[in-house]
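Which chain is which? They are A, B, C and D, in the order written, and residues in each are numbered from 1.
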Amino acid sequence: MTEVRTLHPTTDQYAFAFGGREPLLTVAPGTIVELSTEDCFAGKVRSVDDLPSVVCEFPFLNPVTGPIAVEGAEVGDTLTVHFVEITPARDWAASSTFPHFGALTTTHATAMLHEALEERVWIYELDVAAGVCRFQARRTDFSVELPLDPMHGTVGVAPAAGEVLMSITPAAHGGNMDTPEMRAGVTAYFPVNVPGGMLSLGDGHARQGEGEVCGTAVEAAMRTVVVVDLVKGGAPVSPRIESDGFLMTTGSARPLEDAYRMSQHDLVGWTGSLLGLEQLDAYQLVSQAGLAPAGNVVDTNYTMVAKLPKTLLGATTAYDGLHDRLRAVGADYLRTR
Amino acid sequence: MTEVRTLHPTTDQYAFAFGGREPLLTVAPGTIVELSTEDCFAGKVRSVDDLPSVVCEFPFLNPVTGPIAVEGAEVGDTLTVHFVEITPARDWAASSTFPHFGALTTTHATAMLHEALEERVWIYELDVAAGVCRFQARRTDFSVELPLDPMHGTVGVAPAAGEVLMSITPAAHGGNMDTPEMRAGVTAYFPVNVPGGMLSLGDGHARQGEGEVCGTAVEAAMRTVVVVDLVKGGAPVSPRIESDGFLMTTGSARPLEDAYRMSQHDLVGWTGSLLGLEQLDAYQLVSQAGLAPAGNVVDTNYTMVAKLPKTLLGATTAYDGLHDRLRAVGADYLRTR
Amino acid sequence: MTEVRTLHPTTDQYAFAFGGREPLLTVAPGTIVELSTEDCFAGKVRSVDDLPSVVCEFPFLNPVTGPIAVEGAEVGDTLTVHFVEITPARDWAASSTFPHFGALTTTHATAMLHEALEERVWIYELDVAAGVCRFQARRTDFSVELPLDPMHGTVGVAPAAGEVLMSITPAAHGGNMDTPEMRAGVTAYFPVNVPGGMLSLGDGHARQGEGEVCGTAVEAAMRTVVVVDLVKGGAPVSPRIESDGFLMTTGSARPLEDAYRMSQHDLVGWTGSLLGLEQLDAYQLVSQAGLAPAGNVVDTNYTMVAKLPKTLLGATTAYDGLHDRLRAVGADYLRTR
Amino acid sequence: MTEVRTLHPTTDQYAFAFGGREPLLTVAPGTIVELSTEDCFAGKVRSVDDLPSVVCEFPFLNPVTGPIAVEGAEVGDTLTVHFVEITPARDWAASSTFPHFGALTTTHATAMLHEALEERVWIYELDVAAGVCRFQARRTDFSVELPLDPMHGTVGVAPAAGEVLMSITPAAHGGNMDTPEMRAGVTAYFPVNVPGGMLSLGDGHARQGEGEVCGTAVEAAMRTVVVVDLVKGGAPVSPRIESDGFLMTTGSARPLEDAYRMSQHDLVGWTGSLLGLEQLDAYQLVSQAGLAPAGNVVDTNYTMVAKLPKTLLGATTAYDGLHDRLRAVGADYLRTR
């Protein structure tokens, strides 16, 4: 019987960084964890009048739940997280522009002489039962329903080399990759850089466009269920994701072509390894069969995702079929709770 | 009755640039054109022993068919191309690595001290009836079928300012954008920069991964049918594409985040214009609902695509419903030929 | 006795592109050419009230003088230009911001949602005898003298592959590199891509900061004297420059690190070739001894310059001492005219 | 009389990160500190046979001396370091290529399919009295003297937001900017992000080319004397440097044009503030008078420097003449020790 643990941080237990923290919870590999996460505004943006730059205080942005230590996780291992369920915790979510943040505005790094764009908040009504959220324009009456597609923008482990990185940064340890692929039903693989690995997650999105162009998604507190597991050895260079249909690799860097290169480089290597292909043969296969959606183009590093359909794998499975086994564990949990 | 014209260039009629050429064909708006295109190797790579750097001669790479002048097209108008059908002309296609070309290798621009990667050719068997092509590894016995998804890597018009650009360059005039979205069933919109617009196309791909990471796709000569049409005024900044399901914009630039910015900027503007949204409201909607796949990350400019589901538009149509009308023209053609 | 020719284009003889033109002048190698160039505004910005976007007409920006064909220049040769003298033709020069142009503003490529920065013109008084130009602030009384350091922003030849490129684009053919290193006393080396090479130049700057951050320099019409010469073979990948003190290579690309890579790659190769160094030894020497100033970070490609002090060369000379010989020819001309 | 303190860390006292450490020394503002730093290889590369990847252990690279806490330094203040003297501690220094590091090689971020370049070490003889170091090629007999120009590649303070960053990363807190401008005689200004500021420095270079293209400079242990001071308030966005001749700003980011933008943006603001110029007037002045050399184009962030000649300032001084006062303190120290 799979062990089930819970992790519901109090307000002062949220972390705002990866690395440098004692675990809030320690679990054995294979444990199911029911947990809650706050939104990226730490829950302080509750109406269109709550401007983030007023109600939020730097650096207390993008709270994450964790860290969760995994028993037996050693440097070089692969910490595995299977997302069983990601459910919005409230019937609303918030989004906003934010001064000097986003892809189509002057920022600290892409520094320009323009005044910041207007800061503006949008509140979305969520209807979990119907599976939709509602966008309401602020300057006109236009309104439209969008499909719910809940996911976590921020999932990661403690970085290598003793670094402590703000939770808004995506890098080799994961972090704020902001890819809509991190949804329920997928399994994510992270390198273990410190004993226990130290998994944290947060930044739930009721849905998100690829690239997250304005800098924020439909930001929502979440009730999330994961299976936390461990593969001995095999630490990936950057986080990998597996869904029922796809193998996925990620790269987080600037410029965006370097993020693309990192993700494709790892997918070529992974594909070659699984199929016994020589490197250039794997390069060729990925070139013709791969997908390459943007994750985010707004954070301190940009993230690209590389995807390969698992139909190409035939009977071959990644990580010895771990995704399917965790999928079954999740299904069993949902059926029996 | 829609007029049908044909354009089958002789070997010495192919062009290798956009701009600076007299039209091979002049048509009235609304004309159907049946045409043929050669592959990016000018048909000279026919076996795994035909190394492109040996059998091809710079700059006679990436031949395009055209230009096709459109009667009445004036600077500032929108030249429209609807793809009715794109069919491989042979039962094989070729791909290759090419020295100093591709995303994961030293190139002329990303100049490094490494020796070039090995140049290698792959020949794909195409089965148009079955809708598949077959990848055969060169160093092992691995082989796998991939779905056919024929498209044109290179479609564009004469550039502005009297420029003549090699056909391998994607930019504001279109050109070698290398996005798999340029498949049968879509309508593409280009700015008219010179009288007649001067449409050319080529570089057929039996299929292509997003990003075209090794630098070449499954390169195939094509038999293609298009409807060429004209919208007075309204020239887009960069090419746009419309499918049954999506509005799409493109950006071609370096670094890749600038290509992303261009594509998203135009999608925000287009969305705002169609739905009567104030700019930041459109920015917000695109942020949550848009997709952002890579086109190419290997050419002289990189290309990103921004996509918005047309379900968000309600009854609103782009270009006054032109895509649907051209779709119907194409369907009629296919039914009655 | 060195032949002296003159080239003073009429208004309608200026070109606005590299490539695709018949020569205005054909000279034998070693010829001195006295020529005149207009400023980048085509002389139309003459007071602070002449806004470029009003008085100039796209694409009639950045006029160049030429092309000058060199007898005997064949593809693969090296066209050589020694700058004997660059003198402002008027006692004033102009600079400006320009909407959607410059490094610290939204542009077509770095597309953002901001309104364009204010368009503003500055007129500089030039005192050639005193060797200074005067900056006068527009919004306050502040005024300061800056040293004159006349140079040409745009120097190049016809591009390869039959391309015709706007004169504002820097690339492998040279063009609008906008580096202050292109001053009197230097020799520049260009690849010959078409018979005759087809040298053109313009875009004189009374002085320019590195990077040309606002997008324009102190723009001045010039009276310029050059020696045009030819080296058989040895075409460089990108333009090179030699001064009395430095070997210089250039790279023009985006992102800026690719321009840096191109320039450094060529300097490593050139250094290794001149000193008989194995590649990594040359890489090491350039790493410790080289300089790397920005040329421009505003044009359609960015330009970086790599510089190596000639003191490291000992008795070795580049191009068999051509720079010194042309220097002597120039000195003789100045002494005897 | 200026207080003089010493800081000579034992081997196990070196730090390898900025942030998260207790001070090794606490000083009052205005204190002179005599200190020693190890080289970036932690002193373990002592001959051409000591390959860094063998003798060094990640992450114990690039040791820094510190942190030094400054009494009274509060968040938002400006920590000031004046470099009185930087002297190589040994009569040799080392440089190397390093696998997957450098500008002209595949790296973790610019990920390619090439094998790593050869790892090779160069040992330089230093003659401090003569002011030269000697480069000796490894594959040929070529040898040449280069001028000594000692500097610190790594100088910085604890980052904001509780971050702990590896010492090889340059960012807003300073760190591994690797600019040759950080030489004796300059004053550097850093933002105080935590109480005490927490200054650390290391990575001495006997000299360095701009960009540090191969990834390492002429790496040397140093004996260094600094004056550590404090300006209340006025924390710069990124480190600034002042020499007798120039105001300098820095930007550390990727891509390189963003580093350029950051440095130029701050120089425009600083110039405007000092001279009472409206923003666009300052933009114009910097555009014509500024210099823009590369710092590094190899580290986890790239660094650009923007420089303005102080001759433009007239009687105006930065930070109320602090640089001149610290220069006098340094001169007095050197005269009287």
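The definition used in the following text is that a residue touches a chain if its C-beta (ideal position, glycine included) is under 8 Å from a C-beta of that chain, and two chains touch if they have at least 3 such contacts.
Keep in mind that what you see is a predicted model, and the values were worked out from it rather than measured.
*Asks:* Taking contacts as defined above, which has more of them, A-C or C-D?
*Replies:* Pair with the higher count of C-beta contacts: C-D.
*Asks:* Please work out the Cα centroid separation of subunit B and subunit C, and write it as a whole number of Å.
*Replies:* 35
*Asks:* Where the centres are mean C-alpha positions, what is the separation of subunit C from subunit D, in Å?
*Replies:* Here the centre of subunit D sits 33 Å away from the centre of subunit C.
*Asks:* When the C-alpha atoms of subunit A and subunit C are each averaged to a single point, how far apart are the two points in Å?
*Replies:* Taking the mean C-alpha position of each chain, the two centres sit 48 Å apart.
*Asks:* Enumerate the residues of subunit C that touch no fewer than two other chains.
*Replies:* Residue numbers touching two or more other chains: 104, 110-113, 117, 254-255, 261, 264-265, 268, 280, 283.
*Asks:* What pattern do the touching chains form: line, ring, star, complete or other?
*Replies:* Complete.
*Asks:* List the residues on subunit C that touch subunit A in their complex, please.
*Replies:* Going through subunit C, the ones touching subunit A are 104-106, 110-115, 117, 255.
*Asks:* Under the definition above, what is the set of subunit D residues touching subunit C in their complex?
*Replies:* 95, 97, 103-104, 117-118, 120, 122, 135, 137-140, 142, 144, 146, 207-218, 254-257, 260-261, 264-265, 268, 275-278, 280-281, 283-294, 297, 302, 304, 306, 312, 314
*Asks:* In their shared complex, at which residues does subunit A touch subunit D?
*Replies:* These residues of subunit A touch subunit D: 16-17, 19-20, 58-59, 108-113, 160-166, 237, 251, 253-255, 258, 261-262, 264-266, 268, 279-280, 283.
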